[in-house]
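Before I ask anything, here is the structure I am working with.
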Amino acid sequence: MNLEEYKGVYVFAQQVDNEISSIAFELLGKAKDLAKDLGTDVTAVLVGSGVKGLADQLAEYGADKVIVVDDPELKDYRTEPYAHALSSVINKYKPEIMLVGATAIGRDLGPRVSARVATGLTADCTVLEIGDFPLQAVPGQEQLHNQLLMTRPAFGGNTIATIACPYNRPQMATVRAGVMQKIDPIKGAKAVVEEFNPGFTPDNKYVEILEIVKSVAETVDIMDAKILVSGGRGVGSPENFKLLEDLAEVLGGTVSCSRAVVDSGWKPKDLQVGQTGKTVRPNVYFAIGISGAIQHVAGMEESDIIIAVNKDADAPIFDVADYGVVGDLNKIVPKLTEALKAEIAAAK
Amino acid sequence: MDFTLSKEHEMARALFKEFAEKEVKPLAQEVDETEVFPRETVEKMAKLGFLGIPVPKEYGGQGCDPLTYAMCVEELSKVCGTTGVIVSAHTSLCCDPIQTYGTEEQKQKYLIPLAKGEKLGAFGLTEPGAGTDAQGQQTKAVLDGDEWVLNGSKCFITNGKEADVYVIFAITGTVEKRGRMTKEISAFIVEKGTPGFTFGTKEKKMGIRGSSTYELIFTDCRIPKGNLLGQQGKGFGIAMHTLDGGRIGIASQALGLAEGALETTISYVKERKQFGRAIGAFQNTQFQLADMATKVQAAQLLVYKAAMAKATQKVYSVEAAMAKLYAAEVAMEVTTKAVQLHGGYGYIREYDVERMMRDAKITEIYEGTSEVQRMVISGALLK
Amino acid sequence: MKIVVCIKQVPDTKGGVKFNPDGTLDRGAMLTIMNPDDKAGLEAALRLKDQYGAEVTVVTMGLPKAEEVLREAMAMGADKGILVTDRVLGGADTWATSTTVAGAIRNLEYDLIITGRQAIDGDTAQVGPQISEHLDIPVISYAQDIKIEGDSVIVERQYEDRYHVVKAKMPCLITALSELNEPRYMTPGGIFDAYKQEITVWGRADLKDVDDSNLGLKGSPTKIAKASDKVRKGAGEKVALDPDESVSYIVDKLKVKHVI
C-alpha cells in the first residue's frame, strides 16, 4: 500500500428516503477543518437511487466535490450494495480519510467496508484532529505527521482513547451524531459532481427487503431539543411521565428518558439518552428520577445546564449536575410546573 | 482442607444470587405485607429446576449436591425469608423422604413432578399436642382393605394448601418397647384433593408471612394402601432423618437472613449520617459489624459442613443440629443488631431489616427448636 | 441447523464501575460477565434450537479465563464451546479480532452466525460485520426479531426511525440487540454438566486461512496513541430542601441562566 497515493478527506453522505441525514452535514463541517489542516479538499460520497439532485445541498455544507453512485439497487439501505459502492469509490479514488456517521447504517456499513478495503476503523469518535503519531517522538520509531487522530470513549464512557491508523489507508472513522458542528450553509455553493457506477450484480450477499415499517413519528428528535426533561426508573410508572410532559410543555421542551425506562417498555427507544441511546447537548437537561449510571451520563454530560431531582442524595447524577435537588419528584415536579407557568405568564 | 468453593459452586451461587436480586427481592416487601404466597416466583423457580436441586436427574431433578441446594436457600433468604422456606420445606421435607424411602412406583408418580416443580410438596408431623414431643401424635391411620383411613389433624404446616403432595405421619398401632407400650408411627403420601383431606385456618404469623401455613384436617380420609411411605411402623425414624436434612435447609435460610441483614446494614451505615459523620465511622458501629460478620462466617462454615456431611455421610444429625442451632441464633442476633444500627428506621416496615428480624425468629423454632438441637447434640456427646 | 454464536467476556461496567484512589479505573476489582448483546444473541440461538432444532456452538476469543463465559453459555443450553486463545492474538483491534474469529469459524460448519451488536467495553459494533466480510456471507445487523423460513432467515433489522423486514439466504451473520429478548437463566444442573464437558481450545495454529500479519497487536491497523480515564465535569451544587423551596431554587437558577 503506497500511502502517498491516498489524498483528500471523504465523507459518506448518508441519505434515507432521498433526504440527506443531518450527520452528513456534521461530518462535512468536521471534514472541512481536517482538509484545511492537511491542505486538501472535501469530497462527499452520495450513494442511493435518484439522489444526484441532492449534491447541491452537500456543496452548501462544505463539500468541494461530490461523487454520486446512483443505481436502482441502492434505493433502500442494504449492506452489500452500499458496501460495494463505498469500497469501490475508495479503491478508485483512494481517499486519505473516510468519515462515516455512527448511525444504524454507518455502524454496519463502516466495518464491512473497512474489512473489504483492509484498513482500520475507529468507532463512535467524538473528537477528530490532525497530528503526529506517536504523539511525542520516540527514539527508534519514525514519528509520522499529518495523521488523523481519532478520540473516542470506551468502557461505557469511563475511559477515553485516542487512536491512529498510521500504516493503512484510508484512515476510517465512524463519528457520533450530534457531536460535530455543521457550518452555516453557503447558499448557492456548487461542488464538482462526478458520477461513478461500479456495477451492481446481486449475489448471495444481497438481502431482500420484504417490508419497511416506520415508527410513528415522534414530535421532536431529542437530539435537536433545546430543553430536555428526562425521566428514569425513579419516575415510577409510564403514567407518571405525565408530570414530566407537563413540565416540558411549559418550557417548550421535550421528554427523553434513560435506558431503564426503555427496557421497562415505558418509552420508545428513540427517546433514550446515553451510551446505547442518543447523545444530547441541550441548553437545559432535567434529570428526573435518573440515578445517573455512567452510560447515561456519557450521553448527556455535554449539556449546558444539568438540573437533577432525585430522592437518593448519593445518586451519581449529582456528580455531574450543576444544580442538584434532593427530594421527591412527585412533590417537586408538579409544583415546579405551576411555578414556571406563573413566571412565564408574569413575564409576558 | 480446602475452604474454596469449586467453580461450579461459584457459578451456581452467582445464578441464585442473580435470580434472587432480579426476581425475588422486588417482591419481598409486598409478599410480607400482603401475606400472599409468591406463586409466580415458585413457577419461575420450577422452570429453572430450583425445586429439585439435590434430586437425581433420573427423577426429574438437577442432580446437584446438598451444598448447591443449601446455597440456593441461602441466596433466596438473603432477600426473602418466605421464598427460602418454600424451597426448603418442599425439597428437604417432601422430595427427600420420597427419594430416600419411596418405592420406585412412588418416585415415578410423586418425586418426578415434585422435582420438576410441577407439584409442590409439604410435610405434616406437628400436631397441636405434638411439637417437640413427636410421640404425642394423635392422628391415626387404619388399614381398611386396600386403603388407609386417616383421622386427625396437623398444624403449622409450611406450604399448606399451596402444596399438592404431603408427607403425613400417623399412628398405625402400638408396640412394646423396653417393656412399655409406645405408639407405632408410619409415614404416608397424601395428595391434595383426596376426599376427607381439608384445610383449617391459615395462621397469621410474625414473620415469613408469605409462606402459607395451614392446619391440615383428615376426616375419614382414604388413601391407597400403596401410599404408605417406607415400612409400616418406621415413621418416627423417617421423620427424624428427614428433619436432619430439613435442618440444613433451615440453617441455610437462617444464614441467608443474617447475611442479608449484614449486607443491608453495611450499606446503610455508610450512608446514614449523624453528628456530621457516616455512622460507619463510629467505633461502636465498626465493632458491632465485625462481630456480626465473624458470626455469619462461622455460621456459613457450619452450614456448608453439614451440607457436605449429608453428601458424604449416612448420619449427619449432629452436623445438621449444630448448623441449625448456631445459624438460627446468629440470624436472630445479627438481624436484631441490624435493626439497632438502623435506629428508628430499622423499626419501620419500609426498611428490609425490620422484616428480616421478624423472619429470623422462626428459624430458632421450626424443624426442631434450638432446645431440641441442643438435645440432639448433647445426646450424641453423652452416648 | 448449525448455529455459531460469538461471545465475549467483558468487565461489568453496569453499576459496578470501580475506581482506584487516583481516579483511574480499577479493572481488577470489576466482575466479569458475558457481554449483554452477546447473551441476547445466544438466547436467540437457543430459541431457534428450541423451535427448529439446532446445534449451538459458542466461540470466544480471549484469555484462558474466558472459558468461564463458555461454561455459562453451555449451562444455558449451548452444545459446544470453543476458546480461541494465544499470546500472539493479544492486543488485537477489531480488524485483527474479526480476522481471528473468522479463521476459527472457517473450521466449523454453520448455517447461521450470531454475534452481539457490540461489547460494553469497546462499544464498536464492528467485529460482527467484519467477520461476515471475511467469510463472504451476508450480514444483518441490529436484529430485533429472527425467524427461519426454509433455507432463509427473516430478520427485523432496526434503524433509528424504522425497521426493515429483511430476508437473507443462509449462511448468514446476524448481530443481536439486547432488546431482542430476555436471556434465560442457567439451570443448576446445567452448570455442573457444563463443567463436565470438554472445551475445545484453539491457538494460532488452528486458525484457517489467516495470515500472521493480520493478527494480534502487530496485525491491527489501528494503534492507540493515548488512553486515559475520562476527566469528568465536577459536581455542582446539591441542596436538600422542602418541595416549595426546591421549586424556588430551580426557578431562580433558570432565571439566572436566562432560560426563562
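In this document, chain identifiers A, B and C correspond to the written order of the chains, with residue numbering beginning at 1 in each.
FYI, a contact is a pair of C-beta atoms (placed from the backbone, for glycine too) under 8 Å apart; a residue touches a chain by one contact, two chains touch by 3 or more.
The structure displayed is predicted, hence computed values, not measured ones.
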Shared interface partners, meaning chains that touch chain B and chain C: none
Chain at maximum distance from chain A, centres defined as averaged CA atoms: B
Chain at the geometric heart of the assembly (C-alpha centres): C
Approximate Å spacing (C-alpha centroids) for the pair chain B, chain C: 40
Centroid distance [mean C-alpha coordinates] between chain B and chain A, Å: 55
Cα-centroid distance, chain A relative to chain C, in whole angstrom: 21
Chain C-touching residues of chain B, taken from the complex the two chains share: 6-8, 11-12, 15, 18-19, 48-50, 53, 57, 61-64, 68, 72
Chain A contact footprint on chain C (complex, rising order): 11, 13-15, 17, 25, 93-95, 98, 120-130, 132-134, 136-142, 154, 158-169, 179, 220-230, 232-244, 246-251, 253-255, 257, 259-260
Chain C contact footprint on chain A (complex, rising order): 16, 76-80, 83, 103-105, 107-108, 110-112, 114-116, 118-124, 133-135, 149, 153-168, 204-215, 217, 227, 251, 262-263, 269-270, 275, 283-284, 293-295, 297, 301, 305-307, 309, 313, 318-328, 331-332, 335-336, 339-340, 343-344, 347
In the complex with chain B, residue positions of chain C that touch it: 68, 71-72, 75, 185-189, 191-192, 195
